[in-house]
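Sharing a structure here in structure tokens format.
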Amino acid sequence: MTGEPVTLRVNGAERPVAAVAPWTTLLTVLRDEFGLTGAKRGCNQGVCGACTVTIDGEPVRSCLSLALNCADRDIVTVEGLVPAGAPAGALAPVQQALAEGNAVQCGFCTPGILISAHALLRRNAPLTVDEVRAGLSGNLCRCSGYKKIVEAVVSASEARP
Amino acid sequence: MEFVRPDSIEATVAALQADGAACLAGGATLVAMMNADLVAPHRLVSLRDVAALREAARQPDGTVVVGAMRRHRETAEETDLRDGQLVLSEAAAQIANPPVRNMGTIGGSCAFADPAADYPPALLAADARFSLIGAEGRRTVPAGDFFLDWYETALEPGELIESVVLPPAPARTVGSYTKLARVAGDFAIASVALVLGMDGRACIHLAVAVGACGPAPVRRRDVEADLIGGGLGDTEIRRLTDALAEAFDPVDDVRASADYRRRVAPRMVRQALVEAQQRISETP
Amino acid sequence: MKIADSFVVAAPVERTWRAIRDPQVVGACLPGCEEIEAVSPTLYRARIGVKLGPIAAEFAAEVEVVEEEPPVRVVTVTRGEEGGRASNLRSDNILTLAPADDGGTRVSYEADMTVTGRLAKFGFGVMKKKAQSLASEFAGNLEARVNEAASGG
Amino acid sequence: MTPLDTSATGVGASLPRLDAREKVTGRAQYIADMVRPGMLHAAIHASPHAHARIRGYDTAEAQAVPGVACVLTGDDFPDGRMGAFIKDEPAIAKGKVRYPGEPVAVVAAEDEETARRAAALIRVDYEDLPVAATPEEAVAPDAPLIHEGLADYFKVFPAICGGNVASETELSEGDVDAAWADCDVIVEGDFETPAQAHLSIEPVGALAEVDAEGRVTLWSANQSVFRVQANVCEALQLPMSKLRCLTPKVGAGFGNKMEPHVQPLVVQLALKTGRPVKLILNRTEDFETVRARHPFKIRCKTGAKKDGTLVARELSAVLDCGAYGDDSPGVLGYSLLMSRGPYRIPHCRASGKLVYTNRMRFGAFRGFGNPQVTFATESQIDEIAGRLGMDPLDLRMKNRMQPGDRWFGGGEVASNGLAECIEKAKAAAGWARGRALPAPPGKRRALGVAACAHISGLLATGAIVRLLEDGSVVLNTGAVDIGQGSDTVLTQMCASALKVPADRVAIASPDTDGSPYNWGTTASRVTYTTGRSVVAAAGKVAEQIKRHASEIFECAVEDLELRDGGRVGIKGVPDKELSFFEVSGRAHWAAGGPIVGTDTWVYNQPSVDPKRALARGLPFPQIGVYSFGCMIAAVEIDETTGKADVVEVWSAMDVGKAINPGSVEGQIEGGFVQGMGFALTEEMVFDGPRLANPSMMDYKAPTSLDAPFDIHSIIVEAAEPGGPFGAKGIGEIGLVPVPAAIANAVASAIGTRLRRLPLTPERVLDGMLEDGDED
């Protein structure tokens, strides 16, 4: 890869890349350089939402974020939803809610959904169905019809201490 | 392709003077077009570190200056906007979806000037101005003169949108933005932005702009001016919608036919004006 | 996509025909045409630049006259290729000339255009508007040119 | 490890997906996530033309790009042809191109960017041919011939074809022409449905690797490793023994990944380069070169007596096949077979034509032609009810197929839960309150209903159940879980059949080397057909376990029973029991040999009884068992714009037995929203032969804000005698009645019958302003 070096902070770890071209997106670096393949390339146009990650706590499209523009930012992918130091195999509550709520079918949209849901859940109050529907409206799912996903996220928001 | 990340407006303007330079704002449009091989700028000038572009501020007279790098989510939640200025936050809240609203910026969206985008009609209805800065200095362009043609604006090469300036809206005006789209977050089939003020039954402020019905948002100030001071019943609304429809030049595209746009936009304007009057009458 | 329109120029059919069959006149009237050369009486090569907002493309185009009936009808095919970007353009054009009431000529055109590759992925509706506006710009230029020649000569 | 709630695991429990944990942690591997050592990346060069002869290629510039390993064109591929019904499709365009987007050349390079750049540099010399963009153009007298060799192509059924007509089918019962005279009311109309994109969020892709002996291993996004194997080998003229097909996780397939896409291309590249090659299509390529739901034009006529008794139906359909046959003859045949609906209509005739065009190929898509036909037929049931002043649900109830009635054509129907579906949907939706519902100002709301049926079945299946040394179990079926959850469901069945907890059963990933043949994950068939094999194979394991136990206990096999937790014991003697560990140990080390149960079968009940019906050109002689359903939708119309939204849905579906109720609901909910997209917003728009909206920006499927949250799944269980635990399929039927139910609700709200999908704001507004022909 031609370009300039950059260090990205992903899931709490500083990860250097020797050379990144200006047009290379964060999604490409996550997948091809770091092997973090949780974020998916569904459309490469910012529509489907399968590539959603958080940058500085806010869900964004990694396919529309240029890697060089992401230096010094906190990037979290689905692989980073479980806090570092948690026991092996631990799941974040929202991951558990989706898994147990039959809200995962083919699973291709799931990482993006989880990131958007995770950002919603950082708010304190329990979430309403309509808040979750609005909050997930940038993540297309072609399998589930959304109902079980919305239910799972609402239940995760109610279960929090 | 080269990538630069200046940290001041001056340095940004300097970086933009190169041939084939393009501003990278939120990336929501530019990177999508790069991914599709539609554009390949020679130099990407990232605006992320230019702090001055990210602010929004309300001045004592009620003018609100929105920095070009304000993201849609911030504009949707902007507490400095009041009365009729809220047309802008209503529009911002309806752009795309949450992750895209966390990325996309008002400057980026306006510079791209998609004819079906949400800001152009809202800014036109709010009588907003663009503050542009280039090698020659600053200039101000009213929104009505900024959006020129399909994807074309008054921005000159090497020029940057610094901010969007919303003048104070008269007290007790309401702003509203109504959008018809195939699904949530899609670009508009047609949209209506309006700012309305009523004194009893008399219309004291009227600005209606229609989006996605031509290369630029459509507004008929001449007819609006005629309607000021009078009532705003069926006949008056009809005068305005007829005049607007005359100025439409919509496309046939995958979202809808031009014919439908011509027919539905006046109905949406009527409905929006009726609802806005109701809102005013219900506000103590 | 199909576009069609007509316009009137203040010159008789014969003179209008000559203008239309003169590659230099056509080249000068065609928006974005950077150069045009006649390879043979029925084949021209041109470079045509097209811009739509931030998107710019340059096509190496060939215009082939496939059928003509002087001075009333000419059928051409334009094929354009954007070097190395895998975008192609094809337009089947029919131009007809007919005497207009005031001694002028009514020029009618129909074009069936196809754009493929990267440019085809962008704004289908707006592309058609752009094609229409280029066509009417061309018509305006031709009209001005022929009228100018008519009044001058 | 955070435990998932797996307290209940057997048949009837909503056990979480076996792969839920790897999917929520982002660890699940899909084709694009796979990497092999030394792997090359490929890109296609697609045809810009709809129909053109290929005169030559110039690949020099592409070959010269640093990092390019290989450029192949049609000249570098064998002459084989593939196709589910008509072998009409080469692996890559050869001699001519037949649709825009058809792969013409393919490049392998060190990275994807280089491959794409090089692919754009390939020059192809084309000679334009006349184009037939629509079925109307393609059957015109002077139409260009799309497949000159059609007559000589190998076909797997006696296709009636010629010119650009790929297949003609007709099915009839009774005397339709005479029956119209007995009708008091006749409705007749033309219906039209658009192409719908599958829009799996995962674009298609494949990865091939060659070993030192020249044998190829192929991973791909697919719905059947066996169909992939057959297609690739046909196209590339390879012995099937030279190709092993495997599957990673599949990011959903709704029919689009059943037949091949890029698999033959990567296999040929791998064979030529000797290196692993991966090719992932981008979204635009996926739109243009994979496949989509067929556009249908349907003429339909239905007649009834004054009392509502249905008498006759005539339906004719024209399907745009696109450039290649793919699954299309099957879609045509199946749609006609479903054209009577789940009713008693003594006189029926259905006929149809499948026409090649220069558009992208169309193929299987959830519902397989049934949603299109049901849109027409169920609209007409409502029209008849309107004309007779009858309640549309009463009319359906009156004419419904009764238990024991046969399907159109004479096929036997063993289980029929239709009446229960209708009654339950009616009660849940509060149908009795009237079809017009209270609505907010500026809106109208109404209910609409549609009933339907669908099959589950078709072709061959198998299962191998092995008891491991420690008494745990491995199940191997070869059925690809495309995200719908079949691995979980089959595991639950196996676990219940052997009375072990589900976590003691592992399910093997499909492998053409080691799995029994499975035609594919399609036709709502895995639960029913594969489940049946699983139960049978598990039964054989149980027999062997009992035989060992009978030898150890010296008792009769009949006196033994399986007990929960993987034990076998003597009936009525609680402490006389052995664990599977003890039994399997004996089998492995001492007597009898390791315990393996195997079952294979092929669905063989005839679809047509020649004594009752006349059939011509029907591609499926043996179709499957029938499921039934009834759906009611509450739709809201905006009076200003005409935009229609669904606000609530009640969907009652007869699944025989819900093996995993949570998964059944997932199929009903997901099928509903996909059907709602088809009904309201989704349309592949064509500019002549070219797709004008091949992007997610321009093609719109419902988001979480467009889909109603209140989707009520009502599970009806009319046990299928031959089904595993009584189960039949649920994969497709939930989508089938959706467009019809929504259209019926819209008609009720606006007073006008709309016969063309999607029901865009424009069409609804026009209908509302016209306020025309509906009662």
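Residue numbering begins at 1 within each chain, and the chains themselves are lettered A, B, C and D in the order written.
Here, contacts are C-beta pairs under 8 Å (C-beta built on N, C-alpha and C of every residue); 3 or more make two chains touch, one makes a residue touch a chain.
Just so we're clear, the structure is a prediction, and the values are computed from it rather than from any experiment.
Peer 1: Could you quickly compare B-D and A-D and let me know which has more C-beta contacts?
Peer 2: A-D
Peer 1: Per-chain C-alpha centres versus the global one: which chain is nearest?
Peer 2: Chain nearest the centroid of all protein C-alpha atoms: D.
Peer 1: Mind checking the centre-to-centre distance between chain B and chain D? Centres are C-alpha means, answer in whole Å.
Peer 2: Computed value for the inter-centroid distance: 44 Å.
Peer 1: Based only on mean CA positions, could you tell me how far chain A sits from chain D in angstrom?
Peer 2: Result: the chain centres lie 30 Å from each other.
Peer 1: Please report how many Å separate the Cα centroid of chain C from that of chain D, as a whole number.
Peer 2: That pair's centroid distance is 48 Å.
Peer 1: Using Cα averages as centroids, what's the distance between chain B and chain C in whole Å?
Peer 2: 36
Peer 1: Provide the list of chain D residues touching at least two other chains, using ranges where the numbers run on.
Peer 2: In chain D, residues 284, 685, 692-693, 695, 697-698, 701, 703, 705 touch at least two other chains, as defined above.
Peer 1: Could you list which residues of chain C touch at least two other chains?
Peer 2: If we look for residues of chain C contacting two or more partner chains, we find 85, 121, 124.
Peer 1: What are the residues of chain B that contact at least two other chains?
Peer 2: Residue numbers touching two or more other chains: 32, 36, 97, 184-185, 254-255.
Peer 1: Sort out which chains touch which and give me every pair.
Peer 2: All touching pairs, sorted by chain label, are A-B, A-D, B-C, B-D, C-D.
Peer 1: Mind listing the chain D positions that touch chain A in their complex?
Peer 2: By the definition above, chain D touches chain A via 1-2, 4-5, 14, 16-17, 19-21, 23-30, 32-33, 198-203, 249-252, 254, 280, 282-283, 482-485, 662-663, 665-666, 668-674, 695-697, 701, 703-705, 707, 709, 711.
Peer 1: Contact residues on chain D for chain C in the complex?
Peer 2: So the residues of chain D touching chain C come out as 45, 48-49, 61, 100, 119-121, 284, 685, 687-688, 690, 692-695, 698.
Peer 1: Residues of chain A touching chain D in their complex?
Peer 2: 31, 36-45, 47-48, 50, 77-79, 81-82, 87-91, 95-96, 98-102, 104-111, 114, 129, 132-134, 136-150
Peer 1: Quick one: which bits of chain B touch chain D in the complex? Just the residue numbers, please.
Peer 2: 32, 36, 97, 180, 182-187, 189, 254-257, 260, 263-264, 267-268, 270-271
Peer 1: Going by the contact rule at the top, pick out the chain A residues touching chain B in the complex.
Peer 2: Per the stated touch rule, the residues are 4, 21-23, 25, 44-46, 49, 52, 58-61, 63-66, 68-69, 116, 119, 134-135, 137-139.
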